[in-house]
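Let me begin by handing over the structure; questions about it come next.
Going by the order they are written in, the chains are A, B and C; count residues from 1 in each one.
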Amino acid sequence: MLHSSIDRVAHATPPAVAQRIRGLSDRAIAWIFVAPSIVLLLAINIFPLIWTIRLSFTNFRVNRPNEPVQFVGLRNYLNILTDEDIWLTMQATAHFLIWTIVLQVLIGFSLAYLINKKFRGNDLWTTLIVLPMMLSPAVVGNFWTFLYQPQIGLFNYAVGFLTGADPSSFSMIGDTSLAPWAIIIVDTWMWTPFVMLICLAGLRSIPNSIYEAAECDRASNWRQFWTITIPMVLPFLMLAILFRGIENFKMFDLVVQLTGGGPGSITELTSINLKREAFEKWRTGYASAYAVILFVTVFGLASIYVKALNKVKQR
Amino acid sequence: MSSYSVTEPSARQKWFAGTLVVLYAVITILPLLWIIGTSFKSPSDAIAYPPKTFFQPTLEGYVNLFTTRTRVTEEQLKQMGEPTTWYDRLVRKDGLIIAGPSRFTERFYNSVIIGFGSTVLCIVLGTAAAYAFSRFKVPLKDDLLFFILSTRMMPPIAVAIPIFLMFRSLGLNDTHAGMILLYTAVNLSLSVWLLKGFIDEIPIEYEEAALIDGYTRFQAFYKVVLPQAATGIASTAIFCLIFAWNEYAFAVLLTSGTAQTAPPFIPTIIGVGGQDWPAVAAGATLFLVPVMVFTILLRKHLLRGITFGAVRK
Amino acid sequence: MKQMLLSSTVVIGAYFAISGAAGTHAEAAELTLCWAAWDPANALVELSKDFETKSGNTMKFEFVPWPNFADRMLNELNSGGKLCDLMIGDSQWIGGAAENGQYIKLNDFFDKEGIKMSDFIPATVVGYAEWPKNTPNYWALPAFGDVVGWTYRKDWFSRPELQAEFKQKYGRDLAVPKTFAELKDIAEFFQKRQIDGKTVYGAAIYTERGSEGITMGAMDVLYSFGFEYGNPKKAYELDGFVNSADAVKGLEFYKALYDCCTPPGHSDAYMSEDIDAYKSGQVALQMNFAFTWPGIHVDANVGGDKSGYFPNPAGPTGIQFAQLGGQGISVVAASDKQKEALDYIKWFAQPEIQKKWWSLGGYSALRSVVEDPGFATSQPYAQTFLDSMAIVKDFWAEPSYASLLQASQKRFHDYVVAKQGTAQDALDGLAEDWKDIFEDEGKY
């Protein structure tokens, strides 16, 4: 059963039985139950958001309490949108986003397809495969710097063993052309199981009767795959892409531990860049504008995507 | 062609699929095993070239994780007499003495406090809200549910700027209470959405019967719905816990000494002089074990948890 | 019944005893001192035991590793946190901490207690205590003198076969380099050489991106090539100084050194990575702060006679500078225990404590310690430390130092490690970045 988390919940509300019953009215109970959550979210999410928007029009700096705060209009926004370096971090983020999604979808779907062949012990192996994604990304990122060490790291040694290259002849983190792939490899290692699980749910939701009907029509395996399996799994796959997309747009912990944005600024994703502006340079007003731009981007992209997802589902 | 059946793949297909999946699983699990293995290496074995697969296991990494050591001169060392415990002996051979406990225990303890505190709060608030959303006509319900979810889409660094300011003026920076509130707010979307799904699945007839038997709404919720939703609540709780356990960005920006959790701490473990990989690995291993155990326990609900209840199995 | 009564009396008695004890303890404070997590910090823990016994206060320590130190501690200061009562903060923070009221001013305290800044090494007073620089406004007491210098493998340098080969190749003896050009020759000579069956490399230098690593390393070289932070006669005039032809040559040299003579994967190395590389016997030369020397001296692999120390060599025109490190100790303005914190500084400033500080591996900045006739020979690295401290130069200590540092980190790493653009581009860009920052600050 699939119902997108973004799509509005459309279950019929059960009949209001309680009207007849003593005690508080349903309406009162409903409010009592919902209010604390809403209050907390207003306090910790919405109020700060409004504050951020307000700050984004000022030159406020947290570390300069003695300086007067000035209203600077749209200057922060203009500075950000015309800053080449920020566009470079956007490009780095896009590169990371696109390739992690492509790889994770390909590998994740293939794995799910294979696991769905229901070989003996598939449950055990599935659980093992899933382990990496439950770990703390910061700890994982930190440890992968060790695995990527050219001389002592397992990764380089394994690559050297398989290809015959000298393990110390390349540095995944230090080389400009390899570093973007270093972060993609670790993210893919960690999150492919996520896509795999969702695909598996999709594959298992396809009723056998559809394949049996196709058999009767003597449709080839290849044809069945493209006309039944793929379309039926597509909504699930799109959901997986949505989740991965949002998560990797926010990506910070794993990459900051792994490369710290280097070499140079090759792997400086937007979140890392934003952190430098906000918590190292302490340009609070500027960073707030930056944050608002990121909000708008992620909400905009996500809602366009959700529209597309709903269309696919309705087919 | 006729022997082909979709419901039951052929033995050859199974063998082929099984081999590939096992191969992938082995490759993917290797880095994890390497972390655990490194935690039992001596510092020199850990940075040996080429990497050592077989080595003399030692607990040095764990000793280094839990202690701070200091270098002393040979004369001082002689004055101090024989080491009394096995861990003293272990560090003495490098010309060091144990100066005291490290901060790891505190950080781990903070992770436990903040993790469990936020989980409990999150489940209490989330269950109530989820029940209301599931059973009642709440005005603007869809918008509220979407609003709750959307709070999870914001990059944590962006959220952290105003939170930092707000906590600073409230004195919540670097406190357990502040982190618990923050993690609760972040996790609330997960908890509401997951629990709503679980509660939706409990037939409404049970409550109606209870109401007719003279229970109040509260009693029906408490005595009928909660026990029915116990499994769902338990697995939601574990998902909230895992998130709070693994969280890094807020922890690194909003805590420093008192309330810092383990994830920002582990990468900063260094020994005397250089990076102490066995100690880092030991910290990582101890930190990862609970999550691994939970993952195995949770495998039935895993999918639901990681997709906010969007996909159920 | 009687027994019960008795036991409750005991319990009550014990309760009063405990609360009484707690009462007396309540007057003694628990002070938290924040510093970087490194060898000297452990020595300070040892040293501070004396303060605990004498004052009755207890000391707690919060040590953060270097790559996270500035981040964490500036966050703490800016959030007005009360974690640290005493802060041994990095020299460059002093401007911001002073102007934003994060440290308390120590002039009155120094006067009252008879602590004289003229008793400390002048470079450390300017570097760690003063803001604005070269004015008698003190925000810290120099606590730990530090400077970038070099460590080399004395045992390798003294091998006859290597000496002969080197002499034949370069026409001079294999000895401590006097200039950076000589240093590079030596690094090249050792690069990928087989020594005792192991491949070794030339030099471990600073290349770290995240905090301040590559800036500290590159600047250490750039100074001696003629780099200036600005026009000495006109403040904040950068063009032609930051990006002078000499500075460009210096940065080109740093990149050449990185390209030719560092171990594989040396793209993100700072203090601890360099120590690792040196201690594991991978490199012949190591650039690092002086704080590492006591640890190297007693190291099982490379300690004792196997290692020697030398100050930063001179540049092509004979100018010789070294990057200043080190810190002063300050009292955090947000702390509730300022009185006890000042007591600690008073205790720490005593000559005999400073002497003990040096013996434990802490580089005292007190002149009576370092000018003692026995000092230079007290440790094999002591003379090098003194020579280095005489030629120091430091990075900006402006309130906007973090932004200035971020700019240099990016420009240097982009050019040296990520191989983008030329040295001229990097320094022109840096001058632009810095001018923008100063413009923002209203300096023009």
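Going forward, a contact is a pair of C-beta atoms (placed from the backbone, for glycine too) under 8 Å apart; a residue touches a chain by one contact, two chains touch by 3 or more.
Being a predicted model, the structure only gives us computed values, none of them experimental.
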{"item": "Pair joined by the larger number of C-beta contacts - A-C, A-B", "value": "A-B"}
{"item": "Greatest separation from chain C - chain, by CA centre", "value": "A"}
{"item": "Centre-of-Cα separation between chain C and chain B, whole angstrom", "value": "36"}
{"item": "Centre-of-Cα separation between chain C and chain A, whole angstrom", "value": "39"}
{"item": "Whole-Å gap separating chain A and chain B, where each centre is the average of the chain's CA atoms", "value": "18"}
{"item": "Sequence positions of chain A contacting 2 or more other chains", "value": "62, 151, 279"}
{"item": "Touching two or more other chains - residue numbers and ranges from chain C", "value": "75, 79"}
{"item": "Shared-contact residues (touching 2 or more other chains) in chain B", "value": "47, 164, 168, 253"}
{"item": "Touching residues on chain B, where the partner in the complex is chain C", "value": "47, 68-71, 73, 94-95, 99-100, 164, 167-168, 173-174, 253, 256-258, 268, 270, 272-275"}
{"item": "In the complex with chain B, residue positions of chain A that touch it", "value": "1-6, 8-11, 13-14, 16-18, 20-24, 26-27, 29-34, 36-38, 40-41, 43-45, 47-49, 51-52, 55, 62, 107, 111, 114-115, 117-123, 125-139, 141-144, 146-147, 151-154, 157, 167, 189, 192-194, 197-198, 200-202, 204, 208, 211-212, 215, 218, 221, 224, 236, 239, 243, 246, 249-250, 252-253, 257, 270-271, 274-275, 278-279, 284, 287-288, 290-292, 294-295, 298-299, 302"}
{"item": "Chain B contact footprint on chain C (complex, rising order)", "value": "32, 34, 37, 39, 42-43, 45-46, 62, 64-65, 67-68, 72-73, 75-76, 79-81, 83-84, 272-273, 275-276, 279-280, 292, 294-295, 298-300, 361"}
{"item": "Residue ranges of chain B touching chain A (in the complex, touch as defined)", "value": "1, 4, 6-9, 13-15, 17-18, 20-22, 24-25, 28-32, 34-35, 38, 46-51, 125-126, 128-129, 131-138, 141-142, 144-151, 153-166, 168, 181-182, 184-185, 188, 192-193, 196, 200, 204, 207-208, 211, 216-218, 242, 245-249, 252-253, 263-264, 266-267, 277, 280-281, 284, 287-288, 291-292, 294-296, 299, 302-303, 306-313"}
{"item": "For the chain C and chain A complex, residues of the former touching the latter", "value": "71, 74-75, 77-79, 96, 99-101, 209-210, 263-268, 399, 402-403, 406, 410, 413-415, 417-420"}
